[in-house]
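You will see subunit A twice below: alongside subunit B first, and alongside subunit C after that.
On to the complex of A and B.
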């Protein structure tokens, strides 16, 4: 990744763009949530396109870095994301929708056309694909920031790493690693609270377990996630199949590791 | 031994505080007994116990008022001595290329660790061997340990997952505690284990213990020994585990293992760590931070963008063979103290004792592991770079440069050793020294020492290093590692085999060999590179021709103008290329070394006369971080140069 990183200072500020596909805007707003750092970022980066921040749009030249949130749910978005890929050196997808298909990927297990008929008075006005899929299903992605929403510290680390030329310290490890470093007591072991932390990618700072709740996997699986082992354990501990399936099928349910295991507990 | 009535327990807190210490001990929080700072005896989990099973921990009321009526919880004392996240040094880098590094060394307040169990005291001593008793001493760890007074507690009621009797680390507290309490219904029998402990004991309202009291303690310890909830047969375990690296149980446990790292985090002896370099957006001010890592993470096995332990089977096997096996040659002691935490806090209840028993079933024959190295007293290493300055940059190939660095201190390395080179906000990378020079710096007309580092731009740090210009500064620490064994080569034909950038760590050695024809009359260098343009130092080597020096270079791909050899380096080893009685030095990609070793063995060269450099990711370089482990060795301090027979057990095997 660093090989393609913009060289700060060499040709002026790196050009940043932010786009969205099917999503709630929450992830791109994380950039605006960097309140203390925002002005510094604006100093160091030329925000060339970011409709949540400015109506000015400078698409005259390729971007150095583009952040994209949202999943691909329409044919138009499928084309759009190809265009985005072609217009940027680095493509960073941000959030559960962009990296795993999002909560809207729940429709991937259903008949989408039937849902359109149920929900919309004039379904013929709706032109949607049958599935919601992550951007990496369609174009090459250089880096992913996980989470629903993404974590502000991780976004800052990514931007800082790009600017300084280092590898981002975004660790592909379990939530348990962060949870244990924080000194939390395991909610699963100490009180049987189902928790996806052991199979979920870190980055949130073990937010839910720190507030005595089980992780619901919004960062999606880590690279060695053994969802089958966790699903088996939860079932043996008495969790009904529907409960295990529901846990796995939330914001990142369409990620291969969670999908496959949730389907093992799908009793219809 | 003295007797402290239960009602007088508060006096222990008073005495500890009177000595200026903060008291850290067990307290009830979040459905568990954890460690925290305690204000008074009332913060202790009085009247509570824990019930433990694989993957399960529950608190339960006791029907008495015992203050230590439980075993061990999710926290171990390593949180106090080896914090999960700790800054190592500040680093600055100014736009003019000047850098600065300043170590961050804590000055810990005196503390009393209250309620330390036998297993946990043993664990602290085990971990102390990593940070205090090896080649290097970690000053942050040492400062905290020196500031800690240990008030230990004998276990009279072992838990369902305890097996300290098997590991020989309990239930009776061994040497090293300042005070030892044994609790019974009416109070505590107290023994002092140090002068400071004795002084505190003197301040407590105790009565002399009777002979019956002493006997009661002995009997309680004997009863506890036979009441362990688990057992682990430790007999010959290191050799057994390394003799069974292909046992089917590894795959079975991997099917259940979540690779989450909980076991290593709760383990009181696990010490692996990684670093991050958070900085401001400009990269001008950075802090090098150390944080707990685990052999179950992908990063722990990462090297050159791939993983040496890609599967969970590899990682579980690494953990167990290290914990119960490799620890012994590394530190002279097992890494397991029988506390049972890894069993309780595994979210899916994987039981180490059960896994070991399963591996013993149908086990293949054990193998011999190296004897623990005899360690000299270590030298302090605060892991903070000193400033070095780039005085020259030589572009060797399209992606390789040699930096000549000026050091203010004397040049202390020997050929084959390496330095950690550091850039603020970017990170550190281990780079072999590829040359040295003494001379006069034109800037200040003073005599200085210069060291060369030949670097290939492959990752973030090396790319930034390769982009440096004369006048820029960077950080440097070391030298580290074991050098090439020049003395062992004397009088023998020396065969040097190198691939690609692997020639860099051999360059100084080659210079020495060629400069001493009386000692090294026959020197043969067989060097392989991708293309002629990727071959290093060719001009220097060709200029260095002398009687008795053979230079043969082969490349994978070449333009028609290339007059040298084409093909893998082993092609050069055919026929009489390797003379009888030769000794061999080798550095290059592992696969190149594997095939070259086959050729050398076929030529009759015994493993004892072949030295290779092993590559694993050396992060701290001082044996603290565990990243570069290779079975019984740390590549950073036991290597990177190994005699082949030392590593023959694992060389060429996947997953280590």
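On to the complex of A and C.
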């Protein structure tokens, strides 16, 4: 339905912005890694703000689509994300940091002031919140792209869909489904490798199993993920509680499904 | 200080509140009063992420996956420095074919990162555009060439590592899976074409106008047994001084916290600011360059000790030739290893490891317990080492700025900072500082 497409800005092209919060830049780099498509994208959309790519910043009118990478870890970022929300029609969060708090959410289980001391001798110079949280905890988000980093094909599909006003064809299913389509032999069966594939959102193309290792869950849980069943299974297969907990708490550990299950294996 | 009655003491401030076309978030201020620099700061306000803190109590096998997330542009550098440090702690050495594969994937990262910097981040400064996209309107072929080279680098990483950003196969002792000879050889044509395109890039970069500005640098680079410094090395070379053993680097270049940055500053123990990265590598190791790179370097008349940071773009282009040419050689010579990795049993130990990230020396140190859990981690990234040097360059640059129009002077500072290819996410191990924004 063309009527759902964002109304073009003054340049006649939809206005795109890219912002970052606490992150590694990998998800926004995914856009620059679209080597074959980048110049075509730039022909069709007006990149109005994207500091890693351009010195131009045109914030004179609202953006049509804004991609935000990174999690909220400081009071300033909390304000910033509200400001971003107010200046865009569609807000898309990209990557594990933005959608689940990212690897830096590991601090959420620890005493933040102790964390500060480990890295900085003079923590009083620093302002950081005790937690790293996804953007959807703070403002309304229109679409989430998963992954650490996001997948290039999914990003292109999403941008195309938003620009033409159709629904993005991004399936909510597990990595196991992608593994089957890729014709992989299951690593849990063949190699006794613990794998988070059964509970992890598809999108990477079953990368880890294709490279002979278990999935580490960087796309976070899919909708119907039964983390409890997998946690129980891993324990019965002989993994100690501490290990199951660690595996669940990595790049998307703060997502509700992984968090709850990891806490079940918390031995105090 | 302000302008006095006679107008003799004039204060000028050059500043940019948010640096663009760099990785991560930073700003700078350069304040000059009465011809004297009163303040020069590269301000890094990227929010810290505390990697060293949460690496504690993770399994040694998770370290390589975790540290990749410090930086999306140079994840392999983090993975490789961690792998070296952990292997040295555990007393294992990957087999020769596996070490060759490490060099190969690392070549891919240099290509991807250098091509990004040369064409998309830095070239627009020289040609006068806000970005590579606007530049492409007038220089389409140039930008397309850059993108093509970058894509070839990424294709190499994708084949070896599964994906270009945060590859999944690197592990302690090697890789989870090694590529087949057939798949690898499919890359030969692209690599061969890219060697030529990289040579063209050197010729083009050598024609760019660089402001005249020279600095007496202390160059710091890794040195090892295998060729141009990349994926391993046991000694750190410091120009004009004695080499430093890898294990001693943490003490030789202590990191300090400064109030205006969430990144720690490293200097030599006597306070000297030093430079690491492409210019330092070339200074120490020009004779180890691949012949293809050495030839084109001679052709354009580039000296081994480049002391003008604005010309780092030429050095990066020379390293692009090297990375493509070495990658092609490695692909030609590749034999599938018997096993993709060498097994390593956990033990209580300490290990240091360093590699040359695209931006310079990246040093790691880990302490493991008997179960293989991390007890302590320390990471010294290139940009925190270059930060003090960037500030001193700004000070040295100041006298040449006063006669320029304000905008041009400010741009020249920004261009200087960009010439270092700072990687701010890397430098910020780390925390958010309140930034005092001086009113301009």
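The rule is short, and it goes like this: the second predicted complex is superposed on the first by the 256 of 268 C-alpha atoms of A that agree within 3 Å, B and C clash if a C-alpha of one lies under 4 Å from a C-alpha of the other, contacts with A are read in each partner's own complex, and residues count from 1 in each chain.
The rule we apply is simple: a residue touches a chain if its C-beta (ideal position, glycine included) is under 8 Å from a C-beta of that chain, and two chains touch if they have at least 3 such contacts.
These figures come from a predicted structure and were not determined experimentally.
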item: Subunit A as common anchor, with subunit B and subunit C clashing or fitting; value: fit
item: Touched partner set for A:22, first subunit B, second subunit C, both or neither; value: second
item: Partner chain in contact with A:44 - subunit B first, subunit C second, else both or neither; value: first
item: Touched partner set for A:108, first subunit B, second subunit C, both or neither; value: neither
item: Partner chain in contact with A:87 - subunit B first, subunit C second, else both or neither; value: neither
item: Which superposed partner A:251 touches (first subunit B, second subunit C, both, neither); value: second
item: First (subunit B), second (subunit C), both or neither touched by A:149; value: second
item: Subunit B or subunit C, by number of subunit A residues touched; value: C
item: First, second, both or neither for A:136, with subunit B first and subunit C second; value: neither
item: Smallest separation in angstrom, by C-alpha atoms, between subunit B and subunit C in the superposition; value: 11
item: Subunit A residues contacted in one complex by subunit B, in the other by subunit C; value: 212
item: Touching residues (chain side subunit A, partner subunit C) in the complex; value: 20-30, 32-33, 35-36, 38-39, 42, 47, 51-57, 70, 73-74, 76-77, 102-104, 106-107, 110, 114-116, 118-123, 125-128, 132, 148-149, 204, 207-208, 210-213, 216, 218, 243, 246, 250-251
item: Contacting residues of subunit B [partner subunit A, same complex]; value: 29-32, 34, 55-58, 73-75, 79, 84-85, 255-262, 265-266, 276-283, 291-294, 296-299, 312, 315, 344-349, 425-427, 459-461, 463-464
item: In the complex with subunit B, residue positions of subunit A that touch it; value: 2-3, 37, 40-41, 44, 157, 159-160, 163-167, 169, 171-174, 176-177, 180-186, 188-191, 195, 197-199, 212, 222-226, 228-230, 232-233
item: Complex contacts: residues of subunit C adjacent to subunit A; value: 18-25, 46-54, 56, 58-59, 62, 65-66, 69-73, 75, 116, 120, 124, 130-134, 136, 140, 143-144, 147-148, 150-151, 154, 162-166, 168-169, 171, 175-177, 257, 259, 262, 264, 340, 425, 429-434
